[in-house]
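Common to both upcoming complexes is subunit A, partnered first by subunit B, then by subunit C.
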Partner chain A sequence: MSADIKNDGDPKPSSAEATVSLPATGIAIVERKEPPPEKESDTRRRSWIVLSFWLIAVFIGLPIWWNTTTIYRANLPLTQMTDWADGKACEPVFPLRIALDVGSLPEQEAQNLLRLTQHALDDLNDFSGHHLRLQLAQAPTEATTQVRDDSNVALTIRLAPGDAAHTASSSLHPHLPILDVQYPPNSLPTANSPSSGLATYIATQLGSTFAEEQNIISYLLETSSITPEHRPKGISQEVVDTVSKRMTRSLKYSQTYHLTFSLFTNGPVPSSWDIEAAIDEYMKPVLDMLKTIHDFTIDTQVQLYASPGVQSHVLGKEDLSSFINAAEWPLSPSIGGAPTVNFIVYIGNQTIGVPSETDAAETSQSWMIPQWGSVYLLAPPPAEAAHVSSETLKQPILTFTSHLLTLLGTPQSGSVPLRLSTLARIRSADLLLRASSSLGSLARLTLALPSISIPSNVANGVVKTIHHLELACASLGGAKSLEHARIAEHEAERAFFEKSMVGQLYFPDEHKIAVYLPLLGPIGVPLVMGLLNEIKAWKTRRSQKLKAA
Partner chain B sequence: MTKDKMSFQATAGTAGLFVVAAALRLLLFTAFPGLPNLLTGRVEISTPVTSFKRLQEGLFLYNHNVNPYDGGVYHQAPLLLPLFSLLPDPSTYPIFTYILYTLVDLLSANALYKIAESGEGGASRLYSSPRKEKRWNGYVVAALFLFNPFTIATCIGRPTSVFTTCAILHAVAKALSGNIFTSMLSLSFATYLSMYPLLLLPPMVILAYDRTYNPKVPKSLAQLAGMCTLAVSASLALLFLSSYALTGSWEFLSSTYGIQLTLTDLTPNAGLWWYFFTEMFDSFRSFFLGVFWLHLSSYTPALTIRLRQQPLAVITLLLGIFAIFKPYPSIADTSLFLSLVPCFRHVFPLLRYSFVTASVVLYGTFLGPAFYHLWIYAGSGNANFFYAITLVWSLGLSLIVSDLAFAVLRDEWEVERPEMRGKEIRQI
Partner chain C sequence: MKLPLALLLAPLLTLVAGLHTSNWAVLVGTSRFWFNYRHLANVLSMYRTVKRLGIPDSQIILMLPDDMACNPRNAFPGTVYSNSDRAVDLYGDNIEVDYRGYEVTVENFIRLLTDRVGEEMPRSKRLLTDDRSNIFVYMTGHGGNEFLKFQDAEEIGAPDLADAFEQMWEKKRYHEILFMIDTCQANTMYSKLYSPNIIATGSSELDQSSYSHHADNDVGVAVIDRYTYYNLEFLESEVRDTSSKKTIGDLFDSYSYEKIHSHAGVRYDLFKGGADAARSRLLTDFFGNVQNVEIDGTRNTTMIDDELISLSKTIARLSELAREEELAAAKNNSDAKPVPRKVQVTKPLSDDNWFTKKLVGATALAGCVALWGLGSYLEI
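What follows is the complex of A and B.
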């Protein structure tokens, strides 16, 4: 419109045309009358108007454009990030310290046994990511206090002379990370013997105890972003298959899990249950032990007249997956930060037709749903009782507890304390690797898209991640490692999924033309044309002036 | 006979007109009790920065000693709150609100009456139109404002933009009567309420300068401009400080003017901004906010320079441009623009598209609500329906603005080239 006004102001050319008739030919020749010359004041006024538009465009428009479209790219330590992703920054090695409590053996013999066992272990173990280091228990007094003082010791071997004459035997302590080994008194190695039956035996026992952990950790390394040359020797395909099957069943790591216990009944009764007492009694001890790795929040609910997704009385294998009536049962998905683990007790007259043979923990009444939770079918109480007692819930809760451990990714062999400490190590390795690979992705993204803006909080997140990764790597296998790895992983995820960056991920440079042209073209054309006209008019004026001079 | 009629109108004055207009409004308010709330909810009348509903929300919070800007609903000036909390609760005694809004309309009409009576439209200090004899008197202009359906709908919908309208019209009227400081104070009030009237300062200064010009003791324009700027800044500072004292924080600045500057509330309205910014890429949002605001403000200097001789025409054209291009326009802005257009009765014969513009505006007026209904309530249309009709509406308004600009300029040009009167012209 501005152009309109300007031009309307110009003295109009006369469209009135003089027609001159030539009498001879009769042809009308149209002759244009020239408009009178423009007044000096009008020209000056027009220049002022063009100038006013240009002043606004240059002195306000350009700074706005500059300020709002410059891409801020915070400096990222790219080489460090790729080093982490490639595994160059941290050797994923888990030094596990095993204490050897030799009881009443003399020092000399104990040292000898230690040396031989370490030797046998090193021969046995070909996986460099997992070092077992033997040491003598410092105070050969009470092993239990020893364990609590030094949390870096993964396992204590308690040697005691046994009764059996020829064979050694061993057993894992059910509540403490202790391997009791009973050896025949005559099997102790002599000072100079190159090998010993007892040492080999202990080494084999240790190897089998930690075999599962080794497999899982090498599986994690195998599937991570670490380049092969920085990765310890691989594992066989079948081990990968079994481990991956188990890992896909377990939930993604989270600091907190939300446990939901639901009682669904197909009729009006029972309508109440002693769930709190049952959990306190049967599940709480395990939850307490898990406290160092996870926090748990718990809620419970009861729903009457709940019909399952499958109506048949005997549930076949294919029915199990559709048993959960997701449409009608109030099973909330994960709201808030913590993922939900669902435990469902269903009271009805349905049974499972195919008892599971693969898993000993699964009875014919329950099954586990990978990454989701588990279901337990309970027979209706005999006398139409409205209440489910805590004794009735004992079996379901114990089943749920074992399912919970599986869902959390706990290894399946060994005693409970060993499994839990293994879980902590696996999880810290897992988080460490995931954080590293996020860093690598972020570094690749930064290099691939030079037009993406990188806010300073992303850079802060990266620095924090690297700091905590270093701490976690330094204390790998120790207690602090999990904590640091978790912070690192959290920060790395937050840096990668920064809101303002995700939006630009799919914004190629060609789009900018599409944004600028249609919107700024209509403004730009009159501006530029006005300026060009002014310059032209100024040139003609000057040349006329020169001519006159 | 015509002469008799004219003289009768002049003697009867405007009292009769005002009584009839007030009666009509109060009748509409009371005879159709559902009408005020219906119109309050219309997006064409109530925008996020003027809505009466949002005002009530802010009022409720204010009366319960909660910061009225908490909750992100209220985006209007803080000083409106004590004014409205003086009135009885509008839901129980709505009549007081009705009377207030009717009075504001009458005040606006009175200012408009003075503007039309001054004859500034046809003859200013530096320019006198050859057609100036052909003009409407204040009575007709005020009547055209008071009985304009847009004005009536705005009054009944009770948006707070009527206060801005009133303040702008009074600023013009006071500038015409030579009360420079009252005029600047009035303009500051308008700016305080809606921000955009600040862009009217340059033509307002020129208007005041021209009207107080004394050939015997010529003052400098720059001096007056400086004084006016100072007066506006001082009164704005005073208003801001009292708002600060009222709400206890400077948060009101970001909640009122910040909303207009950043367009955070994308409620559909009759303007062009909301649709653009729902579609805009996030990374370009702030840039295009700057572009849109610059576009809006770039008209002021150019029009002021071009139409230096007719400052009232500059103000009228700028109000038309604001009604199209401001971030939250409503029909209240349109009615303000249309109320000043009759002051240029003398150039009406020069308008080229009066039939087209009238039909386009009518088309927009009737189809706008229909398409909004199709989109929001019936669900058989989508946002593009409503946006298309707001485009048509804006096209109609911009036709009026450009046609009026053309007519005013042609009128000026014919003084220069009297031989071209009534002839066809062509742009080179």
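What follows is the complex of A and C.
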């Protein structure tokens, strides 16, 4: 049998066949015909082809793959963000300006009193975050008639000489942030005296007026992630506990709240109520007053034959928490985008049976649910009246009003205007700290999850947040700080909750191989084999050249 | 200075210290199709339990990928049962499914946990928790080593879940979490968690299957899984209402290999205070809605409130006056300096080099015309 001389096959197997067949047939060795030698130009062309494929793969393919698969991560000012979160960027200091309106006192004596009182104040106050700074009222005559709340003065002390026989006394003005102090004329400090009874008295009064605010702000700083050296010291555990309880039950800050008033009755009547008039009469004034801090939207509903979650006639403390029939009462939170505060009037035969400390005979009719709202149990109207009048609703709505103030986190002591301005300051501190901690969370998240994408609007949000935080920090205690803190918090939340910063972050290696193998197999094998062949050919050529030499 | 404050806050001290103020439940079934009836029944049974214990629908996120009640193969249309005695119709007439069908995806689940949702998402479909919320997360479906399959199309990995919880912790979106999962090799799903204050439990170890409890011959498929069944049995018999004092430890101790046919796992190490603290948590801390209500004192507060109302009226009036005054002042100012009325016309932002610009424009136009003329001339 002759050797296979076809050109299209691989020569090796056929030559092996030829050698195998050799002893069997005994025919003399046939000269094996080799293919004509490759032309030099063909070899060179093949090298170019392999090279160009490699060039394309490396210089076009790889960059495209790299560009399309890398995750876009905008540059975030990480150190700045962590500084804010650690409280290094802003020392939360509330300089409260207190104006001292001395009335008819001569300038010299007034200055003297001011200096002594400031000394006494500084001695009393060990918390650097909350300064009380005294100043003389600018235009004493005008200030007595009207005090504008747009100035940065938190409180005005109005001094008036009183009865010489009595000791100094003070009272908070109910409508304006004014502390009226009556002093016996002889208690005024002389020019050189190192201390004065009146100055100490004023300082103590101021201290107790702002004590609650101070405690709340210290608590906020304490619970935030701010580093210990900026933290205030010396608030007792007891105070921390009470304040923490109060902060726990108050609602998270929102510019707008939605108030839902619901009337649930256990029978067919009453089926209507004069809620609009009642709200206008008993709640609207307070809402108007709060307008500078919050907006409110209101809706009402009536549901008949509503059965509560607990059927027993006398409700114990345990029953109260399951009284709301969450499954059947339409207390949906999904009205608008604002958080809902629920106020429920329930007309039925149930009473609260919790023994009170003061008077066992009298029982309470309402209770408050932290961060949620409150419930008022109303006795059924006589004679099956179908309508609940606004007078009947007076007590419930008034109760709801005071509950609302508590839920909003309004401080409980002091006169109303002071409580309001304190609320604004507490809220701005709260928002400031919350925005800072959001920044810190985002910074830590960026470092912890290297495969999460960070779009550029997150970076924008962060920059905006920091800008407004700076403004808020600079104006702390002033009127603008709440506004800036609010924007900062909003932007920080938006940056953190950026919609596109999600997706499956983790792909196991098996998945990656499964994705790339079908792609890389058909492309990679010819590429690598071509390269290997070229290298082999180059080596052969070199050894031949060496041999020839 | 401390004294008046202490007096002032004294009435508050009598209140019960509130650790958490709201309870949320995230109940996720991840499998479709009729033969996975039991997974949907698992989820709905859990839904019924948490609702029975007082968590309102607005605080339950229910994810059901398929609608067994309306499946054409269902011999009892409109119902779902988790027991062959068919005593309780889980579908009932009052269930609120938040994510259904093809909305149940890994992405939506992670979005839900991390609250990275668009503006259009209604509040009822969001997990609006804060640092005072306890969350009960229950998942069931088909899973494997460190993954849980969603709808035969995709899967969530244990690291993804861990990262989602970490993001929640970073943003203070929970107080404590009870994570419960009923799937094959379930314990691997919580092995990667690393955020604090999570108690985790699963139905089966690595390389162990999680089995169904029993089948209903009329329904034709298994109706509930063993692990979920015994959890529910405990909750139904021992936790009758929110006043129950049974703890997490009691529930976990009730698991046994004889009942579940796999080794149920628990993980305490992430929890602050370790196993002891975790085990002593009440079941109603997670399955129920315990609100620390504050009862008003019996003192007659009407007087004070009346005063408050009249006060706030005065204050509102004062601030209104101040605002009006300001407005008037602003008006006076504007009156003093009457601003000449201008008609807005379009005009260039700057008048510099007006002539040069015109010249350049004219030259360019002339050049173009010349080129066109030259072209047509050459063409001829």
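Operating definition for what follows: the second predicted complex is superposed on the first by the 412 of 549 C-alpha atoms of A that agree within 3 Å, B and C clash if a C-alpha of one lies under 4 Å from a C-alpha of the other, contacts with A are read in each partner's own complex, and residues count from 1 in each chain.
Everything below uses one rule, namely that a residue touches a chain if its C-beta (ideal position, glycine included) is under 8 Å from a C-beta of that chain, and two chains touch if they have at least 3 such contacts.
All values reported here derive from a predicted model rather than from experimental measurement.
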First (subunit B), second (subunit C), both or neither touched by A:G309: second
Subunit B versus subunit C as contact partner of A:T68, first or second or both or neither: first
Subunit B versus subunit C as contact partner of A:S402, first or second or both or neither: second
Touching partner for A:I56 - first (subunit B), second (subunit C), both, neither: first
Touching partner for A:R45 - first (subunit B), second (subunit C), both, neither: first
Partner chain(s) touched by A:R249 [first = subunit B, second = subunit C, both, neither]: second
Which partner, subunit B or subunit C, touches more subunit A residues: C
Partner chain(s) touched by A:P508 [first = subunit B, second = subunit C, both, neither]: second
Which of subunit B and subunit C A:L519 touches, first, second, both or neither: first
Common interface residues of subunit A - those touching subunit B in one complex and subunit C in the other: 503-504
Subunit B residues within the subunit A interface of the complex: 281-284, 286-288, 290-291, 294-295, 297-299, 301-303, 305-306, 308, 321, 398, 401-402, 405-406, 409-410, 412-413, 416-417, 420, 423-428
Residue ranges of subunit A touching subunit C (in the complex, touch as defined): 124, 148-150, 174-176, 204, 207-208, 211-212, 215, 236, 238-239, 241-242, 245-246, 248-249, 252, 282, 285-286, 288-289, 291-292, 309, 317-318, 320-322, 324, 326-328, 331-334, 337, 339, 352, 354, 356-359, 362-372, 395, 398-399, 401-402, 412-413, 416-417, 420, 437-438, 441, 444-445, 448-449, 496-499, 501-506, 508
Contact set on subunit C toward subunit A in their complex: 1-2, 4-6, 8-9, 12-15, 17-18, 21-22, 51, 54-58, 94, 106-107, 110-111, 114-118, 122-124, 128, 130, 132, 154, 156-157, 159-160, 163, 166-167, 170-172, 241-243, 289-299, 301-302, 304-306, 308-316, 318-319, 322
Complex contacts: residues of subunit A adjacent to subunit B: 1-2, 4-16, 35-36, 39, 45, 48-49, 52-53, 56-57, 60-61, 64-65, 68-69, 453, 500, 503-504, 507, 511, 515, 519-520, 523
